[in-house]
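Next come two complexes built around subunit A: one with subunit B, the other with subunit C.
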Partner chain A sequence: MWSWVGHRITGVVIFFFLLVHVLDTSLVRVSPEAYTAVIGAYKNPVMGLGEAGLVAAIVFHAFNGLRIVAIDFWKKGNKYQARLLWSVLILWVVVMVPFLIRHLSIVFGGH
Partner chain B sequence: MSPIETAETAPEPASKIELPAHVGGGGEIPTFDVTLRVRRYNPEVSEDFVWEDYELTMYGTDRVLDALHKIKWEHDGSLSFRRSCAHGVCGSDAMRINGRNRLACKTLLKDLDTKKPITVEAIKGLPVEKDLIVDMEPFFQSYREIMPFLINKGHEPTRERLQSAEERARFDDTTKCILCAACTSSCPVFWTDGQYFGPAAIVNAHRFIFDSRDDAGDMRLEILNDKEGVWRCRTTFNCTEACPRGIQVTQAISEVKQAILSRQV
Partner chain C sequence: MATPTIDAPRSGKIDVKYNRRRGGKGNFEMVAWLFMRLSGVVLVVLIFGHLFVNLMVGDGIHAIDFGFVAGKWASPFWQIWDLLMLWLAMLHGTNGVRTIINDYAERNATRMTLKTVLYIATVVIIVLGTLVIFTFDPCPAGAVTDLPSFCTAK
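Let's turn to the complex of A and B:
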């Protein structure tokens, strides 16, 4: 059940990101200066951590989404669902650790 | 001395098998103290649910149902719960024990953490009537809707309707259902959407859909192709974990989904 709860929560998080993302990107049509100002405002450590959280949510949602596809369409998906969940979590760690090292060193290292 | 005389004079042995004193002796079953925390509800007294603790001394061979009996028979006769066969067949005593749906008659106390209070509450998602008793009507309503009986359009045979071992094996898993509602009341979708057919109804539909002797599979697939049918399933696997008969419930639901996709108009 917790994989499903995680999938729901990350799904809502990603939805809100996309909403804001569409809004700020469409600003460029209104006024390129306003767009630059808004994007500039994102360059601080708090947003940096937010980005890390967003990537964490997307990576989990993506891998778990593949797991759900496997459960629905692969004959043995139901049998191996718990192992598939562990694979999702392991892949999540494998992807997140290098990303966080690189990302956080940029966010906090000041280039 | 003839054998008959021996039988008359020798004392009758207590047991046919001689056991050493430390094996199989009465009163040798270890006892332990346990706290049962039961979520009580009595609408005639109050609309609120209250947790009540009962300190009991139980045996190592006792189940949660025995503890409930002890409370009802020796401590508080007002405690209400359902049970019938008490041996895991009738499906009356599904309840939420330590946060998991199980049959009280199949859950040994020694398998739970007896250091902490054992919580016992009614199954979720169905209206509670009193203490551990819920109104099962919505559950059975869904069950009836999937037509859980053989529908055969051919002539009534004069002998058994034959079926190969393979055909029988196709739906063997779902014949084990005892309608205890442990699966349906463990489903988070059912908790929030009482209109959902629920795992138990789908399991029982599966039992007939994949039965070679039945002719109404398409009708049942049509019923379950509803907004509140199989597509409500989010594969959380709570039902599979809850089933006291070990039915692969989520697997059965997946098979019904596949059948709808592949055969249907």
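Let's turn to the complex of A and C:
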């Protein structure tokens, strides 16, 4: 049940970011200055933490989505759904740790 | 500590026998269900690749400016990558939000209004994004800053 709640919440969060992200990228059609100025906002530390949260949501949604596919299409998926959820959480940590080290050192590192 | 439980949307409010509609709707819901799974698998690859190339390689997010985007879209590979990502992610997300609206907005008028807003937003974003990818000019006339290096060769 909680994976279902988590999947919905992360899905909605990612969708709203996607709407904004297409709009900000569209500024490349306005002018290089406009795009570079707005994208600059993504580089400050507060936004950096927001991006970390966004990627955390995406990685969970991705792995849990693959778990849903496994449950729906794999004969033994239903039987192993709980174990698959643990795999999702473990994989999430395995991906997030190196991502956070790299991304946060870029965001907070002197540039 | 007792774990709280969250009931399935609308459970207990509508008799189960009224939940299943017979005929008339075709197999749209089944196609939508299948689309979520197929597009989901493709999106995992597209978005993980997108995040890796844009955030992990080189200077990460600090490298992103007009020149970075121009450099990527100079190649049809990234144009198609981003176009696929745009369409699949928008349709996948729209169908997900549609499901959530259907689950929680119980008044007919509320549901229709929310879905109308959703579909308008979807069409606007998909059309806008597609136009941007295909009408993009990496070396716009009159621009001076943040241009990709290959513009100077003109």
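Here is the rule we use: the second predicted complex is superposed on the first by the 110 of 111 C-alpha atoms of A that agree within 3 Å, B and C clash if a C-alpha of one lies under 4 Å from a C-alpha of the other, contacts with A are read in each partner's own complex, and residues count from 1 in each chain.
The rule we apply is simple: a contact is a pair of C-beta atoms (placed from the backbone, for glycine too) under 8 Å apart; a residue touches a chain by one contact, two chains touch by 3 or more.
Remember, predicted model here, so these are calculated numbers, not experimental data.
In the three-chain model built by superposing on subunit A, subunit B clashes with subunit C. Partner contacting the larger number of subunit A residues, of subunit B and subunit C: C. Contact with subunit B, but none with subunit C, is seen for A:79 once the two complexes are overlaid on the shared chain.
Look at A:94: by the touch rule set out above, it reaches neither subunit B nor subunit C.
Touch criterion met: A:71 reaches subunit B, while subunit C stays clear of it. Contacts of A:1 after superposition: both subunit B and subunit C are touched. After overlaying the two complexes on the shared chain, residue contacts for A:35 are found with subunit C alone; subunit B is out of touch. Contact with subunit C, but none with subunit B, is seen for A:48 once the two complexes are overlaid on the shared chain. Of the two partner chains, subunit C is the only one touched by A:58; subunit B is not.
After superposing the two complexes on chain A, the stretch of subunit B that clashes with subunit C is 187-195, out of 43-51, 187-195 or 205-213. Within subunit A, the residues touched by subunit B in the first complex and by subunit C in the second are 1, 68, 72.
Listing the residues of subunit C that touch subunit A in their complex gives 5-6, 37, 40-41, 43-44, 47-48, 51, 55-56, 59-62, 64-67, 69-70, 86, 89-90, 93-94, 96-97, 100, 121, 125, 128-129, 131-132, 135-136, 140, 143, 145-147. Interface residues of subunit A, counted against subunit C in their complex, comprise 1, 5, 8, 11-12, 14-15, 18-19, 22-23, 25-26, 28-29, 31-33, 35-36, 39, 42-43, 48, 51, 55, 58, 62, 65-66, 68-69, 72-73, 99, 102-103, 106-107, 111. Across the complex, subunit B meets subunit A through its residues 188, 234-238, 240, 248, 250-251, 254, 257.
Those residues of subunit A lying in contact with subunit B across their complex are 1, 3-4, 68, 71-72, 77-79, 81-82.
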